[in-house]
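Okay, got some structures for you below.
In the two complexes that follow, chain A is the common piece, with chain B as its partner first and chain C second.
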Partner chain A sequence: MEKKKRELLLQGNEAVAEGALAAGCRFFAGYPITPSTEIAEYLSQKLPQVGGVFVQMEDELASMAAVIGASLAGAKSMTATSGPGFSLMQENIGFACEAEVPCLVVDVMRGGPSTGLPTSPAQGDVMQARWGTHGDHPIIVLCASSVPECFHMTVRAFNLSERFRTPVILLLDEVVAHMREKITLPLPEELEIIDRVRPTVPPEWYIPYEDNASGVPPMAPFGEGYRYHVTGLIHDIRGFPTSRSDEIGPFFQRLFRKISQNFAEIHMSETFEIEDAEITVVAYGSVARSAKRAVLEARQRGIKAGLLKLMTLWPFDRPAVERVARGSRVLLVPEMNMGQISREVKRVNNGVCTVVTLNKVDGTLITPDEILKRITEVYQDERDN
Partner chain B sequence: MGYRYEIRLSGSGGQGLILIGIILAEAIGLYEGLHVVQTQSYGPEARGGASKSEIVVSDEEIDYPKPQKLDLLLAMNQASCDLYYRDLKEDGKLLVDATFVSQVPTNRAIRIPFTKLARERLGREIVANIVALGAISELIDLVSFKSLEWALLGRVPKGTEEINKKALRLGRRVAKGALKEMKGKEIENYTIDESSL
Partner chain C sequence: MREITKLIHKYLRHDKKFPHVWCPGCGNGIILGALIRAIDRLGFTKDEIVLVSGIGCSGRLPVYVDFNTLHTTHGRALAFATGIKLAKPELTVIVIMGDGDAMAIGGNHFIHAARRNVDLTAIIFNNSIYGMTGGQYSPTTPYGMRASTAPYMNIEHDFKISELAVTAGAVFVGRGTVYHARLLDSLIEKALLKKGFGIVEVITHCHVQYGRQNKLGSAVDMMKWQRDNAISVEKAEKLSPEEKRGKIIIGVLVDRELPVYQDEYERIKERAKVSTVRGR
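Moving on to the complex of A and B:
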């Protein structure tokens, strides 16, 4: 029988859950929190049906620990949370970076800090996603702006985490997480699914953290005879703690190298009307949707506006921003925070063109009118100069 | 740019506004094949507080997911009617639950006592939202009644199909009557004549 594609009306959160299942996720541990709860709710029903495990933990510290444990045992694992829970997960996210345990953490951003605004959108966790756990470390952070993107980026997030043995953070905001749109779920054979590289040597020859060209050592699942030591301490190639500088240095170099030599593969962005744009809006998440409409309306008024939508937030997509900075007179960065990605845009722009911001933190999505107004103001200023 | 048709369903938490938003979006998007985005906003309370569900329909991909100017506003309580009336387009339609909305800001409002009808005609106040959904099917051209009924049956709990179908039909019938009554007249606020049901 020919398999038929399923067209559904799904919420962003539900699409994340479907994406996780399609990517091969078979373990979820979490603690429900608005506006991420539907991810847990959906997977609590679906995971057992495909032989997976869903655990509601006592809190977010334990959730993250369970996710790491399950991944070490060979399961693709994830959790989902929002600001307050994301804060509690930070220590163990660092452990996953240090021990190189692939996993996915979905953070649906709501107004914060603290309990903040549980049911309102914000984009305040961009820097926390990058630097929330202590110590120098690379990390991959993606950000979705539609329901189909929620699905595909979840698959991609799992792929990147498996490929590079790193935790990956998927950032959504409340608007995207709770929004319902149509999505046609792809057939399994249409998706590229990447699994972690497993050792080809017998257990007694296995050296768990030995360097190779990719910088990503093969990962053996616990329970299949490969015994090795996993620690949050800086370790040698066998996984045991070390304080030898000739082992510490290469460890860190490899940790960074495995990500940095693959920036081109990790970076994702989309552009709209940038060829002749004098003002380019740089946006991400739900704000990118408002920005697209504002760009269309600006074009109708004869203003040459364009859009760069960032989909990979970290490592920061320097080439994409440099490209639009060279072609534009002004970059406008609207965000539902007081200026987090705009700092990066300014850093990368390095004085090439003017960078202006639009910051909104009142618990509502930035509207196309607000962006259009800013575009018009900036356009007038540039004309006058 | 393509057209946008924008709907807001508003009232208080617990009135089922998000559910009918989902049903309407599903009917328009999956059964009628149009582009649709449904969003919602509500307070941190489990029930009570303000709640709204919004739907944007278009013939092309939808960028900004929230309404800018409403074509249709359903207000299931007085507070939401007062708050959102000014977001209506000049020729936008205002539909209110006359059970709770006693003051309407325009003489073109369509007043139907959804909650009272649900209670008295169907014996269950809980289906007032579905009665309202049935009325909406008469007010918009985006979706056939059949599509709406399919979408409804796919979303309501097992065992409640019959009462929900009845509620949807009741809403349609009442709205039909209301529109007929209003047609070609300099109407004052239309209130349903219950003896006609």
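Moving on to the complex of A and C:
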């Protein structure tokens, strides 16, 4: 008998929770905060049904710590939060980078800084997601723009975190987290699920942080014979603290290399009508949806517009932006912040074409009309030049 | 080699680059010895034990021993440990913290771990000072004492770690000193056997920071002070509050039964299988 796919009307947050379960997440620790709370509520109901653990911790510092602990014990683990909580998680996110512990942090962006605008959309955490924790470190940050993407990018986020032994941050904005759309959940066998590589050598031979071609050492869960040391101090290949520069240097090189040699696998974006586009909008999150509509309407008015939707924000998708920069006269970067990704676009563009921005931080989303207006203005300017 | 030393050696990581970071005369090694003896006597395998620590001199303990070991961030050890225990309940999770670690930056996690009653054993090294950072006052530095950030005198009042744990809901609370090493062995053993959140507070000396700044003498002098000022729980019961002032009460302060988080959570799993909430 053919299995029936589930068709559901889900909120973005709920789709994240479904995606997590499909990816094999069996541990959630969190602390309630709008606009992310539905993820916790949904998982508090579903995780015990599948033998997983949901725990509400005393704050976000503890949540992030518990997530790392559970992952070290072998469980795929996650938390979800918003700005103020994301700030509190930063120190332990750094621990997960340093000790190379896979886990997922969902940050549903609301207006900030501080308590900010708890129920309004924003995209102000893009740079914090990249550099929120101290010290030099690579990180993977994804951003979803629809309910189906919430599901699929959660699965992908878990896959990337397991594959590269790194925390992955999934950014949503409040619009995407709270809107409801139809989603057809894939059957389990249709999904590619990646699990961390485990050691194949016997415990006596296991060197927990030894380099290999992938730069990702196999990871043994606690309690299965591979007794080793995990620390937030810079460590040697055995996991023991070191202050020897001949061990510190290679550690950092491997940490960065395991991500940088796989940019192509990590980068994900979509394009729309870019072949002959003179103006290409570069957008992410809910703004990318408004942008798509604006591009359609601009085309109806005879303006050759296109869209590059970024889905991987960090490591920054340089090849995708370079491609559209070469083909376009103008890149327009609309964002619900004062210009965080536009700086990266300018850096990568490096003077090839004109880069213009559209920044909005008044607690409301960016509408198709606003983007269309900007496209039209820019188009006129370019023609007059 | 003496039997007792041989036993300790059985559990040390010989591939770790010794010497350790602790100052000569430090009490931390005595606590490490007591912990190893308790684990050995209870017959745990090395694979079953996870040793989790925070940051501080005390936090360096796990790296020396051949268990699953995790050196976390300052104050957060209990929260990491909670994640490990809930994800893999068959492991025995022991948490090592300093007084600053457990009472200042990690104070919130401490009271909530006690309230939540996840099956963890916490050992708190109370040396009344921030050792690792060079002798600043901690939440357990007594009023009137000196520290590098209280050069005139400490005007804050100290937490009583064990009493706080009792109030917050810990099912086992024991206090010992590094002078009373035998008692310490048995307190840790009892705490490990107890299901639920148990703590052992260990009064230890930091003669290098706290001792020097307060002219308390050598490590030996400070251990003699422990000997002369400790009274047992049984003895303390017969004394008036006046007579107990300034004394360290050692022994088992609390040993009680309360529902353990993991057992409760197993019941939630059963419930979740048969009922759906809000029709989802």
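As a working rule, the second predicted complex is superposed on the first by the 383 of 385 C-alpha atoms of A that agree within 3 Å, B and C clash if a C-alpha of one lies under 4 Å from a C-alpha of the other, contacts with A are read in each partner's own complex, and residues count from 1 in each chain.
In this section, a residue touches a chain if its C-beta (ideal position, glycine included) is under 8 Å from a C-beta of that chain, and two chains touch if they have at least 3 such contacts.
From a predicted model like this one, the values you see are computed outputs, not experimental measurements.
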| item | value |
| --- | --- |
| Fit or clash - chain C, chain B, common chain A | fit |
| Touching partner for A:248 - first (chain B), second (chain C), both, neither | neither |
| Cα-centre angle that chain B and chain C span when viewed from chain A, reported as a multiple of 10 degrees | 110 |
| Which of chain B and chain C A:49 touches, first, second, both or neither | second |
| Touched partner set for A:229, first chain B, second chain C, both or neither | second |
| Touched partner set for A:72, first chain B, second chain C, both or neither | second |
| Partner chain in contact with A:34 - chain B first, chain C second, else both or neither | first |
| Which of chain B and chain C A:237 touches, first, second, both or neither | neither |
| Superposition-derived comparison: chain B or chain C, residues of chain A touched | C |
| Partner chain(s) touched by A:207 [first = chain B, second = chain C, both, neither] | neither |
| Three-chain overlay, closest Cα atoms of chain B and chain C, distance in Å | 7 |
| Overlapping contact positions on chain A, where the chain C interface meets the chain B interface | none |
| Touch list for chain A against partner chain B, complex | 7-9, 34, 117-120, 175, 178-182, 286, 289-290, 292-293, 296, 300, 365, 367-369 |
| Interfacial residue positions of chain C with respect to chain A in the complex | 13, 15-17, 46-48, 50, 52, 62-63, 66-73, 75-76, 79-88, 90-91, 108-109, 112, 265, 268-269, 271-273, 277-278, 280 |
| Of all residues in chain A, those that touch chain C in their complex | 26-27, 29, 42, 45-46, 48-49, 51, 53, 55, 57-59, 61-63, 65-75, 77, 91-92, 95, 221-225, 227-233, 238, 240-241 |
| Residue ranges of chain B touching chain A (in the complex, touch as defined) | 1, 22, 25-26, 29-30, 35-44, 62-66, 68 |
